[in-house]
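Chain nomenclature is as follows: A, B, C and D, assigned in order of appearance, with residue numbering initiated at 1 for each chain independently.
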């Protein structure tokens, strides 16, 4: 008896809540764009600026009259950095909200958890996560694109720079998350190509409180440079511990370090840290001839005015994803298959992170040429030649 | 070899304290034997060693001539030793009937797979378990309370329930640890009768009890221990007159002259 | 850098990290001693300590001692509220229910911290401006000394409190037998409240001293809590010196494993050691006589 | 068993009506997917309910068994190209072996110490998933795991998977209910009530504790396999400590005293966490915590105790 009552109660509850959530029928001419970001959980510091950027862009777009006169409705869900939730959120976007295109998710893990879903539903998805697995093998990723450059590009850029400085022995330290593991894989894989030996391969957890041991080990290994690959607090710890240990060898960070907030947190300890960054982070430093400078400064100005905080690479990914999708929808309307084809044929799109040239073989459209080497100088970025 | 249970040289230490020191005694089949002694003499410890809840440091325990000293408690139960506890140890969240059914555990054998799939043999066995369970409930007179939670019973009934549960294992010998503790006069009288019935049904009884009236009334033989040592052994009359026993009980609130 | 220097560096790091675990573990023990509940929100007290201190120094620009005092007070009030609103009203709940309540509270604290401070990590300046110095060629951050020093002070104060003050003794009595204590006129409710206040305060202190070393963000509490739980279990629940020694041992194992075995498996190895100790000695290293066990 | 039959009937009819309702009401058109996950989690919590509610042993590491099942399935199908059914069987075999090895020493512990031991075990397994990159794909996980199939029929649509998952849950539930109403179930409850007395009454307590630990690990492992073949992707973060705690919370919120509690708690928390709270936007985590707190505070017996409490209130007021 009591169980049947409970089940009944749940059923009633479902309807009540469903009633609250019921979306009023929308006019036909509204174009929907779905988005899933990790607004809380592990990836929150990535997902938050992405969400803010996407919301801001949608607002701007609608002020300017939307897409070909159709207002845009951006539906954002939080996947809480969790694969299960992300799967559910994407299914909800497809089955309930009936969106023709999705941007996000934020993380590689959550994106890979929805690959099958969008492939089966035949809805294009433009991910804001970096792992190369998202777009390879491309024949199994017909409907999937990603806007961040692959770790391969970033690592190549770093190794090229090291090669030019005669660095041959490198110690790497990576965080044991998807981000760090993907970086580690590329760091190990590409090293021989640039005549580099990995003399130390250290790992740590995303919530570790101290990285002195890893750095000490690298210091003792005779490495000529340290590469740290992480996001979140550990990348600040790496800088601080590197500084405190008085290490003479240079510290290279992943592109995850590319946020002004990180410079503030690390303070003077960050002087001399080098990294390969998308141009979005160094907009004002770019020469005026750079075609990206204009779009970056426009984004920077609008974002900083609206939210009162500096832009980050991650927001830049959302910018790229959103605008690539909008550009495609301008041509294709709300038809998933056409949107997909348009995205795949996008050439020369000037975005925050580079100039995108998609093709049926390349669902990323960026290369290491879209990155610049940057050093921290006087608490700000400076371009490296 | 006419003894059912034979304990030889049982010794048990707790840290530096010798709780039991070289205790030797026998229980003959069909006997009612009582163990008495002042508080802290080691009676419950001795029970625990016999039922296997505690491991004796030294000594030998035989049931029907077979050594059981190495067996864990549940194997001793299967071998035919069952018991009740001084501070009633019923299963409070189970019904009265279910408590007794647990006692049938070692006399039934359907394991997880059979039980999970409810095979025919399992149903047959389950029916048998239930029938036997009822008969033991009736034996102690609790059949009316069968569906109540055990924790809802008054203490007296809980003691009866424990006895029913212990008997449900079909023991050769049952150890009753202060069965009259907390019972009123009427309940104690019923208990005495019950213990006789248990013996008459062919189960040997070994009990620890403080109620001297009860002990002297029902026991065939009495073992007295003090400070972990055997003080005296014999029929109630000889024990009562033993000067060592009287001495040991001097501090206690028991008047032997009454008996 | 020679081998000795490396070893010394590992040991120093291990001790610093271990001291942090020890501080968290102490917080668990205080509440456990009085209520036999493991307060899974203990890690959240540490986070709140760090983040409130960030607010006091970086936003209000208060001086270190003032900020320290105010932060501890704020977190202490939260600890008291937690007891008053969630633990005290519960009657006759089993230990497992109480544990779930503390988990729910930790979720609420985490949610609040996220709403107030956002998702980014925050840093605090070190207590003293001195540069790092060397010992046997190994480098020590001055803040590490602060951590060690403050841990020592906390341990000493706690031991004195429980050994020599009436209130401390009364709290221990509550743990032994709440019924008897009530009969003897000890206000058990008040003692529980004090235990929450104390462990919240210790959590806050831990948060304040470690933020300059390790930064602080809203969701760090769970992991710190886990490590602290490990320390208090390994040391034997309820034993203060046990928690401190076990915390240091855990920190050392992690650091030495990361140095000599595998940095990826350092946490696993520390946990395996912990499990082995439990299997051999099921109540931890230094289980007090009173470390009774409640069933779930 | 009579009243159990009624409950099962209610559940089955609910499960049959549910997809129809979902189909006709656009506002809940995504509820079927949530129900699939709820079903998968129900399998874990039914096992956990037997372990915690009946045998009185806690485990804060059950997500590890979910993960072991999931990775066994994933690796065997995606890496070795074998049939998913072999993967499920392998998952069961590996989980139960590990459960035996871990259970024998752990189950000697009690209370918080057992909680710590199982929690530590869960963390160790989680670290292994992260570090054994060649086998598990490490933290980035591995994708492209095939769907479950029988012959040429693929369980790829939501409805077929819903039917599959809940059919398995019902089987698991039957098995569990049969056990509960048998000497085995009584032995577990006896251990919960008083371990020493159970042992003295002839229940081999350590063996029975181990049995239920292994059984619950098998439930979790099967759930893990089902999870893998539904989401077709694996990474360690789906099997961390927080999931272990979530499962325990589902059991307790529903009510530890009955497997029905586990089912109700799981469905409720899965919908709360994934669906109903999204209306609260930023505050969803906070609201989730508060709901959890209120349920545990005011219904310490879980939701299944609600009707009993209401009934006793009614009789009292009379």
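We take it that a contact is a pair of C-beta atoms (placed from the backbone, for glycine too) under 8 Å apart; a residue touches a chain by one contact, two chains touch by 3 or more.
What you see is a predicted model, and the numbers here were worked out from it, not measured in a lab.
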Shared interface partners, meaning chains that touch subunit A and subunit C: D
Central subunit by CA centre of mass proxy: D
Remotest chain, subunit C as reference, centres from CA atoms: B
Subunit B-subunit D separation of Cα centroids, rounded to whole Å: 41
Distance from subunit C to subunit B - Cα centre to Cα centre, in angstrom: 48
Mean-CA-position distance for subunit B and subunit A (Å): 71
Subunit A and subunit D, separation of their C-alpha mean positions in angstrom: 33
Interface hub residues of subunit D, defined as touching at least two other chains: 130-131, 282, 285
Multi-partner residues of subunit C (each touching 2 or more other chains): 114, 262, 264, 267
Touching chain combinations (by label order): A-C, A-D, B-D, C-D
Residues on subunit D engaged by subunit B in the complex (per definition of touch): 175-176, 178-179, 182-187, 189-190, 192-194, 196-205, 211, 215, 257
Touch list for subunit C against partner subunit D, complex: 32, 38, 86, 89-90, 92-97, 100-101, 103-108, 110-112, 114-115, 222, 226, 229-230, 233, 237, 262, 264-265, 267-268, 271-272, 274-275, 278-279, 282-284, 293-296
Subunit D-facing residues of subunit B, complex: 51-53, 72-75, 77-78, 82-83, 85, 89-94, 98, 101-108, 110-112, 115-118, 122, 125-126, 129, 165-166, 169
Contacting residues of subunit D [partner subunit C, same complex]: 52, 56-58, 105-106, 108-113, 115-117, 119-121, 123-124, 127-128, 130-131, 241-242, 245, 248-249, 252-253, 256, 282-283, 285-286, 288-290, 292-293, 296-297, 300
Subunit A - residues contacting subunit D, complex: 1-7, 10-11, 13-15, 17-23, 39-40, 42, 77-78, 81-85, 87-88, 91-92, 95-96, 108-109, 112-113, 115-116, 120, 131, 133, 140, 176-178, 180-182, 185, 203
